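Given below, in the form of structure tokens, are the structures.
In the two assemblies presented below, chain A is common to both, partnered first by chain B and then by chain C.
And then the complex of A and B:
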């Protein structure tokens, strides 16, 4: 069920604190952690856009390949057709959306497990095309020396986006705008229809909802934003290759999403942030490089055993506890009424 | 900008520091005394986990031996001062994004003076930061080289060009073998290697029984791959530069499907396990390119790698015989070259060391004196080539059969190699 949308005073303070943290964080971490921050912020967009697609009840294994479509599209628009990079990024995202539209026709003839397998096959076809055709996709080695986001030089201020702190702010703006759009989509009538199709697809169709079109819409919107994330990624690293978008990467997206939880919009964000910090910061800092996959797997098993509803369930419990505490000071009955 | 982590004093670091200070008089000074405690840090940026870890982790293990030996001997004398060598490693997982993060950490936080990489998928993430910081970086995959990569060198393994020596030796010693097949994973490592084998077979008068078979790197069932390869009954089965995880099942499949011909491969990592899973008889005569360093042929005076037999013994003692792989010695041999150049330069700064290393266009490669080469193939003379060993399995043990010259082969057949590299889109100017 969609949650309440109004923001109270405490929520506003929380948002302000979050904003301060997001702005300050590149200056509080090391150089290498700034690099991680850029990739983490891009991955936030990947998982949140993925969640939008899962709202209709269909879990795709092609989401990372859609990210790749945006990355390849943007790289080619910029490198081969001379598009300015910001325009190439948008064109790359649109490319991913268009590919998703085309793939929708065969894929949404399937549902559930069959859709999952079908999406994997479709994604692999696309990935193998990149690998097979050296011209224009660069084959297994991919595309290299992709132009970076252009520097801004206004005389009194010079911004070089190769610097991870600067690129982080650019990515942050793009991701926040994207998250706002995705949030508004979910809270709109369209989003409610996605939920309806997930839980009662036959009933929805019986009242005139075109389930195919809504599933396609969710897939296309999710792919557009995944493509945008891919474009941000490609112009940051200056390289794309088919292996970056393989099923192993998709498994990570699934893990982040599942461990975070999918019933709230922030669930996958919690998942990707927590697991990235655990894997890339904590496990690396204790010098256990070679057993990182083992420890990471152990943490995942523990998370699934003890937090079956994801990390978001901790937030929900904490919020409920706070509300109940606040309610204890209220006159009888009001605490119950606020639940 | 200064990182928060570099300036913070935690309770743990305070306690550790206090405990160390208290214990110092008890444990005494270290064996080698570094008067001013001059330390030079070397970065190791390669896959330590994941499917390509076999070409990273054993190399780091070898480097640890190298550093321990150097430090026990008093360090490296550079500019009149002894320098202790410290290794700083980062697992790049064969991924460009992680390699960029790792390179940033090594250069800007660990202050390393030289970075050793496997290269390939991870190099594009490092290319710009290396150029901007003027950092000298080594790769095992010279296909990373272009005219723009002026601080990137391939000083040890000129993959896959040395594969020509194996085919050359095979043709000379088994002139009856006339047909071959080749397979490789469809990636940046497999393709240039296939081009090299095709050129070498053509130069040796060996014809291809079927076109090269490229399989997906995600392949786990190699039975159909092998069935397809053996369909035309080839005299030679070439496993190209397949990853360690593929070579073993491919050999097992060849064994199970009753293959009786000759096998040639670039690597044969952890070959003891393959011998165990097939048989000594089946593996007898398999040709590859990476020796065990207990081989007596490596004691020849022209070999520049220091104490190869002792190095191998120490490696086996620390990590076990079955952990020895193609790269166990390679990064250490690069460290030998770096140390020699730094001593001649009298400096540890990357630009000075690079100039000293390439001085006169010649260098001391692990397997003998060599020349800086590569302009025709990579657009830049940053690859060190000379002789390379041809290794043959004899009675279940890797044995050097002969050293053969790569430059000599190139001088005779260079155009063939360019032709096949071009056909597979592997020339530096064909890379997108």
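And then the complex of A and C:
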């Protein structure tokens, strides 16, 4: 599926507008919304890395626990071993990757629904271990007073990362770099092999592709970035506990990803941004807190009934319409959606 | 010590019974419709609240309330099939998301109608059977008897009746069944009614023992998934065997260690089964 990577004039303007919006947005919203913005940006990394994992056709339910592994890892490296926080974050992400590597061996014996539930079980075991063993994981209360990101003081510039707006910029940079890496991985030979395994695993094995190794690779890369997201999360909230990474959170990640759509890299981003705005901004401002879950459920059902290929299908249709307006009736090869 | 063991066996039999009802319903829905019903725990919750409404508030006899609960939750199942799963029949992940949406709606309705707090359901019977030092209350015994009765009835329904044949045909191969003149829509409606009603009965029968709350479905659905995986998805017999196995292991480990360790052991058991037999104990190879 080679896509055009060159950016036209319209695309460039779009990117500029997006950049301005991303930089300006923390100054346009209230303090509590700034906090939300930090979490939303972290969640963008969670869903995009999740999509990479699903490219091979297997849907894991351990992704949020991998995020937790990064959060716990980073918190422990910083608090118990005295690592500097930036280093601890990377070490936490690597921890998540290593755990994913180990888990791959039992998990990728399974396929489909069995993998889905098998990965859930593996993740839940890890989570229950955090919950059960007070030393070093802190038990149900988790780890508290995790050191924050060190402030930068260059004399003339002083950046304090306890301020959500500043932490937002830090997260934004980390997330954008991660998204770029994930995008490059998908467009590389490795990413194409992921797609091949998804659609034709027997055929790709017959030409010498080791499907297990590639599934493991996708799982490990996705877990690394989920772990990084978790580390960003831990040093922002300064506390982690097992309940933050339970199946409820995983269900939300699944919802964001599927409602957004998975055939394009930006699909899950649309999902997480749109649903977070709907839930936290629009539904909250209506002031009907008690029926909020009901309305959210209704929106989910309507979204999946009327946009079965996700929000991204709107973008794809709009783009095709724009292209066809120019007169060149391109073959509609872009509209092939992943099931 | 033997009394203590016997008591644990009683407790495990009770847990195995209602979990088997829930898991068999889930397997039936997955088998016929190919959809993972995430809202199954909330159907169980709806059954428990049916008891709160019909038995506690309206004062009907307990078993009449259970029967009404069965019909009510079964109808909820049909509603799900008509509004969600039928339009999404070719989209299993969509069905999963839609069932999560339905779960949120049911939970909110329970909160709005009955409040957040746990409901107190007065005991149905004070009686108990005593064997040595161990005892089994009648309430728990009713659950065990109801499970055995319903599952036996389901077994004969699936083996002997025409609809049972149709259901099993759909579970094996939907297109081929349709070519034989079996109505997929009608069969799916029956499967949803039966699957949901079984969860509803489980909720209704256990309501006096668990004090219903709007979020009670949550822990049940996780256990139910473990059970249907260990048994092999699509295998009703497997679900029953796995429910018994899981309930015994879980109850014994809880008794001798603690609940969290029991959960870990249960999950490890499931992973072990999957590593040795990736299709579950009674599963056949997965359909593409």
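Here is the rule we go by: the second predicted complex is superposed on the first by the 324 of 339 C-alpha atoms of A that agree within 3 Å, B and C clash if a C-alpha of one lies under 4 Å from a C-alpha of the other, contacts with A are read in each partner's own complex, and residues count from 1 in each chain.
Everything that follows uses one rule, which is that contacts are C-beta pairs under 8 Å (C-beta built on N, C-alpha and C of every residue); 3 or more make two chains touch, one makes a residue touch a chain.
Given the structure is predicted, the values throughout are model-derived calculations rather than measurements.
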item: Three-chain arrangement built on chain A, chain B and chain C clash or fit; value: clash
item: First (chain B), second (chain C), both or neither touched by A:293; value: both
item: Contacts of A:305 with chain B and chain C, given as first, second, both or neither; value: second
item: Contacts of A:247 with chain B and chain C, given as first, second, both or neither; value: both
item: First, second, both or neither for A:131, with chain B first and chain C second; value: both
item: Which superposed partner A:27 touches (first chain B, second chain C, both, neither); value: first
item: Contacts of A:207 with chain B and chain C, given as first, second, both or neither; value: neither
item: Partner chain in contact with A:121 - chain B first, chain C second, else both or neither; value: second
item: Chain C collision site on chain B, chosen from 168-176, 276-284, 330-338 or 420-428, when both complexes are overlaid on chain A; value: 276-284
item: Chain A residues contacted in one complex by chain B, in the other by chain C; value: 128, 131, 247, 290, 292-293
item: For the chain A and chain B complex, residues of the former touching the latter; value: 27-36, 39, 79, 128, 131, 134-145, 162, 164-165, 233, 237-239, 241, 243-244, 246-247, 280, 284, 289-290, 292-293
item: In the complex with chain C, residue positions of chain A that touch it; value: 59, 106, 109-114, 117-118, 120-122, 124-125, 128-129, 131-132, 247, 251, 254-255, 258-259, 290-294, 296-301, 304-305, 308, 339
item: Footprint of chain A on chain C - complex, ascending; value: 30, 36, 38, 83-84, 87-88, 91, 93-94, 96-98, 100-105, 107-109, 111-112, 222, 225-226, 229, 233, 260-261, 263-264, 267-268, 270-271, 274-275, 278-280, 286
item: Chain B residues touching chain A - in the complex, by the definition given at the top; value: 1, 3-6, 48-50, 53, 57, 89-91, 94-97, 100-102, 104-105, 108-109, 121, 124-125, 127-128, 132, 143, 186-188, 190-191, 216-218, 425, 430-432
